[in-house]
Amino acid sequence: MQEKITQDMFVPVRSDAHKQEYIARKHHSAFHDGWIRLRKNKAAVVCAVLIVVITVMSIIVPYTSPYAYYETDYKHKMNAPSSEHIFGTDLFGRDQWTRVWYGTRISLLIGLAAALINLVIGVFYGAISAIAGGKVDAVMQRIIEVLVGIPSLIIVILFMMVLPPGVGTIVAAMAVTGWVNMARLVRAQILKLKNQEFVLAAQLLGTSRWKTILRHLIPNTISVIVIQVMFAIPSAIFTEAFLSFIGVGLAEPKASLGVLINNGYKALRSAPFLLIYPAIAIVLIMVCFSIVGDGLRDAFDPRMKR
Amino acid sequence: MAEEILKVENLARHFTLGKKQVLKAVDGVSFSIKRGETLGLVGESGCGKSTLGRTVIGLYPPTAGKITFDGIDVGGKKTSAQRDELSRRMQMIFQDPYTSLNPRMKVLDIIAEGIDNHHLAANRAERTRMVVELLRSVGLDEEHANRYPHEFSGGQRQRVGIARALSVNPDFIIADEPISALDVSIQAQVVNLLKSLQKKRNLTYLFIAHDLSMVKYISDRIGVMYLGNLVELADSDELFAHPLHPYTQALLSAIPLPDPRAERGRSRIVLEGSVSSPINLPDCCRFCSRCQSKGKECEKGIPPLVEVRPGHFVACCHVV
Amino acid sequence: MARYIGRRLLYMIVTLFVIVVLTFVLMKILPGSPFDTERFEKLTPEQQAAALERYGLDKPIPVQFLRYLGNTLRGDLGTSFYYTNIPVTRVIFSRLGPSMLVGAQAILVGLAIGLSLGIVAACRHNGFVDNFTMVIAVLGISVPNFVVAALLQYYVGLKLGWLPIGFWKTWSCSVLPSLALCFQPLATAARFIRTETLDVLQQDYIVTARSKGMSQARLLLKHTLRNSIIPVITIMASMVVNLLTGSLAIESIFSIPGIGGLFTESVKNNDYNVIMGLTMFYSLFYMLTILLADVTYSLVDPRIRVAGEKEGE
Amino acid sequence: MNKLLEVRNMSVSIHTDGGVIQAVRGVSFDLREGETLAIVGESGSGKSITNKAIMGLLPVGGRIDSGEVILNGRDIAHCTEKQMREIRGAEISMIFQDPLTSLNPTMTVGKQISEMLLLHKPQMTKEQRYNRALELLDMVGIPNPKERCAQYPHQFSGGMRQRVMISIALACEPRILIADEPTTALDVTIQAQILDLMKALQKKTNTSIILVTHNLGVVSSVADRVLVMYGGRFAETGELDEVFYDMKHPYTQGLLNSIPNLQLQDQALYSIPGTPPDLINPPHGCPFAARCEHCMRVCQKFQPPEFTFSETHKASCWLYDERAKGGAQNG
């Protein structure tokens, strides 16, 4: 409907100053902003859901399943997957369906525990090093530079040999040099934030050192920490699987995905399914965590907004 | 005129960059500002004007010299009461609208930070009321209080920065290049806002910028800096009418005027080369390498700032 | 530059010292003494004392440490228990060849494919190749190399019989292990070069180059890759280390006489001297790789190599 | 003076995940030989996108929706990438705003200059290209070119790098040089040097220049004609004196009054209220309506047509429609 231009239209319109300041776009917070971008990333959402499903299943299945993970049944050794044993049975006739989900729980547990411990040590170490600055920072950096020189996996293996096998041991061994990455990332981010103008402004307003850390430094470091954790979990799971595979990980009958894959590998010729299912489980977990990690970084990491 | 609120004597701020490398960002600068006055500070990039601003307000400890704000020695030992008083009475407005506000905080909390620190509000209601009033005083309103910095334009963010500085009703504000990141029409808005606030709240400004025409408009007196030294200081109209230091003359002649007829009639002093590196500077007139009227006496030492005419100081061996 | 290398060497020495102390402590508290416990009980007290004395285990800890440190400095890392009385260093060097070959092949293949995939993916952003590369990259990082090895060995080696499934007779024995190891470097390289290239493509000097009216190929080679390939050097060091640790599992699966297999073996046989020797070898090798990568980086990037005073600014 | 370049009714949109930005909406202008046309506007006015469209250097997702760009008789807006390559650098070349990031950091300055020659003058030998590069460096006022030729961009100051950019752009004596905010990132004294250099080079090579800037001081010292843009649309165009002393469009008026005039003693600085329009859903009527003092209802509903005041002076504002109570009431 092309409205005709009429003479009366030529009448001044007084637009008030405040309306001009009106902001057209809908109001939402910074996290909300990132959340919208994350939601748009279909793959990340699907993987996030998958992670939740896998975690829930890994908790429920071992309880609800008729067989315990350690229950042996010599009558049904190495049975192929059937309605009775969904994932078949292993050398000792143990139900693989229960063991794979139990192994997933253990692996997730180890991955999460290792990532969290590395997070706590790393964040504190990095934060203190960056906030203290000067001599303290220099010394702490030297320590990191020395630790970086040590190939972490070798040290983990040595620790595994020394300490009795078990979930706690693996997590502790991984924590020996695992926290260095997180420390370096957190330190770099806080050093960058320390010179930002909004932190200087807070200082000028008389904000105490501690309040500055809580209100300004930490909230702007969280996105870096979350993204790093999303990558630390899968790499911890991978390390555990690797340890179990070379026979240094958990002891029988406890089972992690690594142990299952190792047993599966030994019986590969006669029962490939013993290797396939745990392998699929670990790959699925690793893929989901990486994709969700990438999605988080694209959505929340300010550098990407450049 | 009013009494002196800030006095800076022979201030220096050096940064050691490595073994033998010393960056003399600010090297022996003295001036004073009276209450209600606006002192403009101009100079090209690398002349040390921002470092001077951040040293005066206490963000950097001075390497030498003394800063006195209303009787308090800013650079030296301060009691906690004095530190509190300074953090209330001296504030700063920053250059980059995109990094001067915490992206994770609502504008309401950003502006109220000073109020919380100095417990200026009895309860939350009063705190919000004070913030809304501050927002109105900078041309924004309640609707903006609950928004986050990334939802604002550059000019609006700068106004939030001003509101934050005003939250503790300071008497002295250092504006460190507050408008260089903004569009022309928005610059005028912010500068007019600063001028009206100065009248209403009897504020004193140290206005740091490299856009000379805008500095002239807002400043009562202007100081020109070159490689860490204050080379000339005078009333703004006097400085533009009779610049004495060769660098100031070159600087003023380099400004392109938005007036074609005036531009056609002008002959320009074009400086050769560019600013020498500020690291390991020789102790002589820092401008001598590019100065047409260079002489032997220019190399003897840094020329002192001498009052050649009432209120017009210059640091050059030839002019004195 | 020399001062920089000097400082880095100093750190390496400190790190090595920390490792020597660490390994020595581990040796002391490892379960079981250097030789079978049963055999040790059967010996008479005098023989026991003589054995302890021969291995210097009767002296107080600090003295043992100093002797251990002295030997290490002289390159004498003691003898292997499993390969009775053969010096550890000789054991290690005898098994170096296969690991280096498999590792080198894995890295070369991984880099070649990974880099080309990553670059094409970056140029055709969100195109088919880009998505395909992203899938390969995620899979490459997610599928543990020992799973890949097991599957390759079973299906390609055994079922199809194309390639030998193990041992170390001809060159073809090294194909499957290298293939199993190459996925990780391939994925890491693809992901890294893709992000770096996308980053460079957004830079102002690329717009300048396009404004010169040059062809896409020239723009890619002379301007884009020239700037995005340099940072790849930084991830080379971590790639090499992942290969070293990766080889531990691969070499035991394909029973390759490499140092990876040696490590797993000596872990199983509690052959401590070899374990300690390998630990030090791996650390030294790892630190040298990092140093080499840093030095190469500063030589290749003109902004670091040619410091030169900046006129003005 | 014949018309070298003619842009007719060009519209450009940029597709981003935040929405489609109508960056340029029907802009027309022409460029005569040896002339300097200044395109003035604030950020978001579309001044830079217009020139990137002419050169075919639009960012990812950018598209010329309509309009033509006639370069000596040929419409280069719709020619193939291959044809554009022959034009870019040979007939039209461009220099950019930030000298610190506009040169390839891993390539020597000499090589970046001779590359331009290699692309468009294949008949030149390596030796000839090297000498021409030295000649160019000397022409733009860089001392001891031989030594500087082999150095890298990070060894040059901001001003020097901009001179290198100019030498690269003028290597093949193009007919048109587009300078996108060439001195914005430079200090005042360095800016003066670069502007003088550009004026001197123009006299010598008779290259016509399109100068994109938001600094009216730079415009009045360098330009012959001016085009003011706002919200992706043409606001006013004309000879330098016409636009500076007889401006018609309220936005031009507002811009000029927002800049302190050094001659006047205590001048009240006028500031245009409000913020530039959001170009993802641009306003229906005149883009400046929301901030204009003389805004009428028609301005909010319909885009104003072009009113001509002299052979070269035109403006797009409803104030000059005869129905607006007897024409002009400008400030």
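Order as written gives the chain letters A, B, C and D; numbering starts at 1 within each chain.
In this text, a residue touches a chain if its C-beta (ideal position, glycine included) is under 8 Å from a C-beta of that chain, and two chains touch if they have at least 3 such contacts.
Being a predicted model, the structure only gives us computed values, none of them experimental.
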Path length in steps (a step moves to a chain that is touched) from chain A to chain B: 1
Chain ID, smallest distance between chain and overall C-alpha centroids: A
Whole-Å separation of chain centres (CA-atom averages), chain A against chain C: 24
Whole-Å separation of chain centres (CA-atom averages), chain A against chain D: 49
Approximate Å spacing (C-alpha centroids) for the pair chain B, chain D: 32
Gap in Å, rounded to a whole number, between the CA centres of chain D and chain C: 54
Where chain A touches two or more other chains, by residue: 17, 21, 25
Chain D residues counted as touching two or more neighbouring chains: 157-160, 273, 275
Numbers and ranges of chain C residues touching at least 2 other chains: 309-313
Complex interface listing, chain D residues touching chain C: 55, 57, 60, 84-90, 93-94, 96, 98, 101-107, 115-116, 119-120, 151-152, 154-160, 165, 168
Chain A-facing residues of chain B, complex: 54, 57-59, 83-84, 87-88, 90-92, 94-96, 99-106, 110, 113-114, 117-118, 139-141, 143-144, 146-148, 150-152, 156, 161, 164-165, 167-168
Footprint of chain A on chain C - complex, ascending: 11-12, 14-16, 18-19, 22-23, 26, 29-31, 138-139, 141-144, 146-147, 150-151, 153-154, 158, 241, 244-245, 248-249, 252-253, 263-264, 267-268, 270, 275, 278-279, 282-283, 286-287, 290
Chain A residues within the chain B interface of the complex: 17-18, 21-23, 25, 27-31, 33, 196-198, 200-208, 215-216, 219-220, 302
Complex contacts: residues of chain C adjacent to chain D: 125, 203-205, 207-215, 218, 222-223, 226-227, 230, 301-303, 306, 308-313
